[in-house]
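The same chain A turns up in both complexes below, where it pairs with chain B and then with chain C.
After this line comes the complex of A and B, so read on.
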């Protein structure tokens, strides 16, 4: 198999890179070991910092912190990348932003406030948190406590209320619209086997269930929402039909509704990753999931092909260039060209991205460019996003790095994970295309 | 899971029942078969029930913060014990059984120090056989006693001493000879049998000896001692630091303590003060103007994500680094190292130590260095052996009567020793204290079976409450029961006593769920929940931070993403 660009990793960076590469007419494949990292993230995309204006902080980074991934880009690049991202997900998984990509402040499930830059449709109503909100929880659902969130918000001067809904009760007493007798039998059979709402413990299962029974939920809640401005739910309001569900609830309750992200698996993240992957397929890109790179061949400083372990066999994939977006530990792919390995199989960059054949003892040596802390660890790159060694020499000329594989930033303390992923993913694809055109 | 010693179903049932059965068999042989099994267990039960009441009373003022409410202060007692480790808890139990009124003060929480940071190995004595056969004998005797009186905390895993090709053959020969001479029941078994028992053993193994090692849960052990004592009228004050020792012309007569929660200081008058502060014993003795030389030997241990071995595996060579692999509940622990440190506070595993452990562990069990390590932790051994330090220092213990050595009356220090001999240390200390007080009641800790750490849970199969922690199969009901029984409910105590957050994910999902549940049930306030999360996460992340390889690094990244980003939890002490 031969491609213009081979992208390794299906996180936000890899998927953005793929879309940008496809937009530029490159023949593209995305290889990933497992599910997208997005599926465990909240669906919000953080740009930078906790201040209202992230750009002040980014400007300062670009000027003063040359090791930071943002400093490899211009503000203009970041702006373009965010706009591109919003454009790509439009309609299917709409994202919202403020004028000039300023930060939103949203409440978290622990009743704390946090800042973020892009909000999915389901969470956008959370942005200007109102005085009066009803937080709705579900009895037996372990991952969200409405009372805790409400109390947390009330500590900061709001006046929120909480309520817990018993889904079994509302289902047991009512037949949901359009449900056939056979379905009820199946449902009853399924739920009767367990004594409690424990059967809803999986967020995805609950979300799918809610797609079906939300009219009952709305009916149950209608008397409760008279005196509130908005209604908050844990982020489990539907999987594929979530837009429909949200709209239905809002119309039926006459109030705006928002979701609050909680523990993984995260529905907002799953919806986004599905949307991005579908878009890639739609644009003619290939996706090779549940497969991982076990080795790579290099000629000089050019990576010529990678061996990808797929179900059943190991395939060879040739790419004119590669975008490495395999996450924090993905760096070992590059790093594994240490002498010890090179002697073993000359010319090969051995080692899987997440592989078990990578021995712990090699770790310190294998991350020559890493900082002492995990959060800052990663690959050092030049302005072209090509990996470099400590002296600044390019290690692989046709490999571009994006996302958290990059060294020099801490996505969580800075609140910059999503922004760096989108901006560097977008930039890597641009650079790859430029490289190919020559 | 920890608390489920009475299960007849569930993943731990077999082991728990085994321990129970063993306790009974031991009892039977000791009692000359006077009691039937049923009678034996019935004789244990009323005690459990009455204990229950004692704890409910303590919990009467159920607070909505994670720390207990105001602890009832005590202003006078016969004996004041300083230090809530195994030794202190053992002394409390021993004195209480002799009818002596005692109060235990602990600056942090039970098992905070060395006791809570060890292998959890109930030595058979084999390790000390060559160097000090007396210590070996002590270990063996205590091993046998604890299997009987503390059965609920002991898992009879059995142990192997393995001689690897390349190790000193002379040592193995001397060891075998010493075993014979000491007439301890150590037997050489053939390699095929050993390999059947422990398939992961290195192919370099040349000789194997079977010894009666066992795994012991130090947290349960301490809880059991304290619980038994409290039930009989003793008092426990955790989070209470000794600030000053009260002295007069005759000697020590109490202490000024500070309630670390309320910040209030008050004095407790006592006829005798016992210093069982482990590595901090020197600091406590200094309060009485006594210079007690304690050397600190830091030992680092690795916790694997799963249980790799059935028996304790010891390497047959002079005690050194990474030569014991102990199965503990659902995990295995590899240790230790021995590094001389200057302070007993906050020992941290170093990268160098971890590399040493992995390298040497690989020799014992091939593949050990590439298996998933979920965390690392370090403890400090208090070594009392003037002149020697590190592994050269004696693992023996001493009870110092300061009236004789330093002219300070009513003051005793218990120093050195090890977990296996904690009961003996307590006995010796209590003997002196009792003699001093003119109490003639003998020690009864050899014979009286300790109560289980918490009450029996409903059988696993009947517990239909949802799981809080999938890694450790901890249900909501179990967590709530533990919270109800634990006094005080601190994050650390809860985590330690329920195995919450002990699995491979190290609390990524279960700590949040547990905080929500405890909030909902009124154990935690809003602030308490956040504090619980911060505190417990900091502890978990610290342990993970030391062993960041592939899987665990990703796990940590996920956890940080969830708590710092999605939940916007501000960590005051994000120690990573």
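After this line comes the complex of A and C, so read on.
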């Protein structure tokens, strides 16, 4: 099977690239090591968080750091990419943005304020936090502390309250006539098989449970919410049916409800990754999970195929072009033929495209001299997103890089991870299609 | 990264496995794959210090359904389910003494479930009686009470007649049914089974590299490819259905592109118990499809893959079954045969479980030669496109866990998409049946909980597409889906057969 474009990585960059490639009618495959990294992300998408106005901030950033991925794109490219993303997830996993993609300010689980650009449906009511908010936590769920959040907010002049709900008490597990024990177990969030000694509540389990019992929760909370403007929950309000759940809660409480992202696994991230992956499959794209790119072969400056380790054997996948969106430290970049990657320990930055003819010198940014630069390490590319060496020579002409695999930026301190991923992913797919059409 | 005693140290506790585990989502008593896999392994490695916590966790291991979603999702290649399986096998040596009688009956039930082959032989011989009996609600109640066996909607055994049709299909096309290892030694291949196994292009090449297919082989295979292509009589214009991009890319027909494809297809079809005893029509469809593609397979319908033994706690028996299959298949693999399965679990067993459990070179060799039917047919997409006629139907396509675990992506789905005019909805949740897991009373609630969320996905799609048929390559998923949603579940080969052969 030969593909037009082989995308390596299922982060935000890889998935956006896949959708754009499919939109352009390319035969597309996405190869991923496992689940999408989005599953541990908050679901908010940052464009540039370090400045009040992200666009002014990006302008300043580019002037200061011409090697920044944003400097490879026109402002218009970024704008288009964000609009494309919003359009793709519409209906299934809706995202919201301000006029002109300006920043939102939202409270964090620790009661601080942060900025972000795109908000999922569940978090949109968090923007511009109101003075009176009730923060709801769940007893026994240790990944979110409602009191901590309220306290943090109150330090900055708000008057928020917190409450912890005991789901076990409110479930009303009395047997109704004609109901079998098994059916009660299905209603019960905390159904435990008898052998178990303790309860292991995780976010997913609570989310699935709340899909069933949210009306009881709403009933319990109704007397508590009279004097507040909004109600905050940890981001565990439903897995598949979260839109219904949120709407239901809002209607029966008569207040707006928002979710606060907390420790992974993160429901907002999982919902987004599911939505994007389903869409890719629906559009005819292929998704390989648990497939490790262990080597690549090249002829001249053309990557001819990648070797992918799957159950039992190594598969060859051929593409006319490749989009490398494998992320940074955790992503284990592709290595060229003859390079053994299989034994590489996770977390070690082995190098970008260093193989028989790639050396340290040719890919300087991949090996920072100081630890402080580590967060900027990645693959150097030209304006066409093709990997280049120090002299600016194109190393692989049919490979386009996207997302955090790119050198020259620090997604964490800048608050630019999501924006760079979407914009470069989109751009890489555009460039790939242009290259294929000649 | 091969030593199981060190491998768990690569786990960074990112919890992605926890979030994909279907059991953890429905059982608050189940700690989840991260805790039972790498965490427990760390505790056990700590010895005395981890003893108390280890003792708490060991009894929970049996709730793992072996869907392998954790391994598929793990970005660090940690064999999470394998660690759980290892821990379970080592803890099984001391069975709980409480509930003696119930325990004895449950062991009897596990034994039954572990031997689908024996069950199948009896069942098919007495099909009318067995099916009637199993369909009876009183019998079902009795089984549930006495044995802890939940058979609300049992699979019907294929009748002797149906099996006979399948066997006729085997014999009519010079296929060879193997029970004993063929006495083939390298070099004597031609003489030993020439009369039974028609090997048309055998004289061209005897190397056993058929599985990997080098570029030079492809060149030599050109004439054969061309010969095959001339048989493709009519070509239907591929219409894009349901927003899918037009797939009739001429590139796919270029032999140089089909590196995997041997010019001299040596194929061994591993049928598996479901085809042998319950739905021989899947096997018949596959064989007829292969016949249309001028591929003459060797049939291996002698033994069970052995996974039911493994998942019902009979490790020794499982290893015996694995070794037997490996021994019987080895001569074929050595002669360059590609082993093809139509059941995702059989395929995964051959690709992954045998090598993991036995760790032998033979097992790895077999793993490298094993293909899912869809993965195999990917190399014949060009011919299939020519053969397939449009069908005006809608299907919901289910991607089973064990297909995903094979790392073959949507190969199954892509194959169905070759049929023009189809409307497809896609669902990808776990069905909760997990082979024999869903038949057990103590696992019923969890299993049903998992099913319910897939059922909802299916119902949404079913009303959107106005269809009552779900395609799933896994028969055990199919069983559960039809039980939960009241829809028909079919193997994807059946519509492909309908479009290409019927």
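The definition used in the following text is that the second predicted complex is superposed on the first by the 366 of 438 C-alpha atoms of A that agree within 3 Å, B and C clash if a C-alpha of one lies under 4 Å from a C-alpha of the other, contacts with A are read in each partner's own complex, and residues count from 1 in each chain.
One rule holds for everything that comes next: contacts are C-beta pairs under 8 Å (C-beta built on N, C-alpha and C of every residue); 3 or more make two chains touch, one makes a residue touch a chain.
Note that this is a predicted model, so its numbers are computed, not measured.
Colleague: Considering only touches as defined above, state whether A:328 meets chain B (first), chain C (second), both or neither.
Modeller: Touch status of A:328: first partner only.
Colleague: For A:58, is the partner it touches chain B (first), chain C (second), both, or none of the two (neither)?
Modeller: It touches nothing on chain B or chain C.
Colleague: Is A:40 touching the first partner chain B, the second partner chain C, both, or neither of them?
Modeller: Touch partners of A:40: chain B and chain C.
Colleague: Is A:27 touching anything from chain B or chain C once the two structures are fitted on A? First, second, both or neither.
Modeller: second
Colleague: Have a look and say if chain B or chain C is in touch with more residues of chain A.
Modeller: C
Colleague: Touch test for A:114: chain B only (first), chain C only (second), both, or neither?
Modeller: first
Colleague: State whether A:144 touches chain B only (first), chain C only (second), both chains, or neither.
Modeller: In the superposition, A:144 contacts chain B only.
Colleague: With both complexes superposed on chain A, which partner does A:264 reach: first (chain B), second (chain C), both or neither?
Modeller: both
Colleague: Of the partners chain B and chain C, which touch A:415 in the superposed model: first, second, both, neither?
Modeller: After superposing on A, A:415 lies in contact with chain B but is clear of chain C.
Colleague: Counting only touches as set out at the top, which of chain B and chain C does A:2 meet: first, second, both, neither?
Modeller: After superposing on A, A:2 lies in contact with chain C but is clear of chain B.
Colleague: Let me check the overlay on chain A: which residues of chain A are in contact with chain B and also with chain C?
Modeller: 40, 194-196, 198, 201, 264
Colleague: Which part of chain A faces chain B closely enough to touch in the complex?
Modeller: It is residues 40-42, 44, 46, 108-114, 140, 142-145, 147-148, 151-152, 155, 194-196, 198, 201, 261-264, 266, 327-329, 354, 356, 358-361, 363-364, 373-375, 404, 411-413, 415, 417 of chain A that touch chain B.
Colleague: Going by the contact rule at the top, pick out the chain A residues touching chain C in the complex.
Modeller: 1-2, 22, 25-27, 29, 32-35, 37, 39-40, 182, 185-186, 189-205, 208, 239-241, 264-265, 270, 278, 281-284, 286-292, 308, 310-313, 315-316, 318, 330, 342-343, 345-347
Colleague: Which residues, counting only chain C, touch chain A once they are in their complex?
Modeller: 1, 10, 12, 14-16, 18-21, 24-32, 35, 56, 59-60, 62-63, 71-77, 242-247, 249, 251-252, 254, 257-260, 348, 350-352, 355, 364, 367-368, 370, 378-379, 381, 404-411, 413-414, 417, 426, 428, 442-446, 448-449, 452-453, 456-457
Colleague: Report the residues of chain B in contact with chain A in the complex, numbered from low to high.
Modeller: Within the complex, chain B touches chain A at residues 351, 355, 358-359, 369-370, 464-466, 468, 509, 512-513, 516-517, 519-520, 526, 529-530, 533, 545, 548-550, 553-554, 556-558, 560-562, 564-570, 574, 576.
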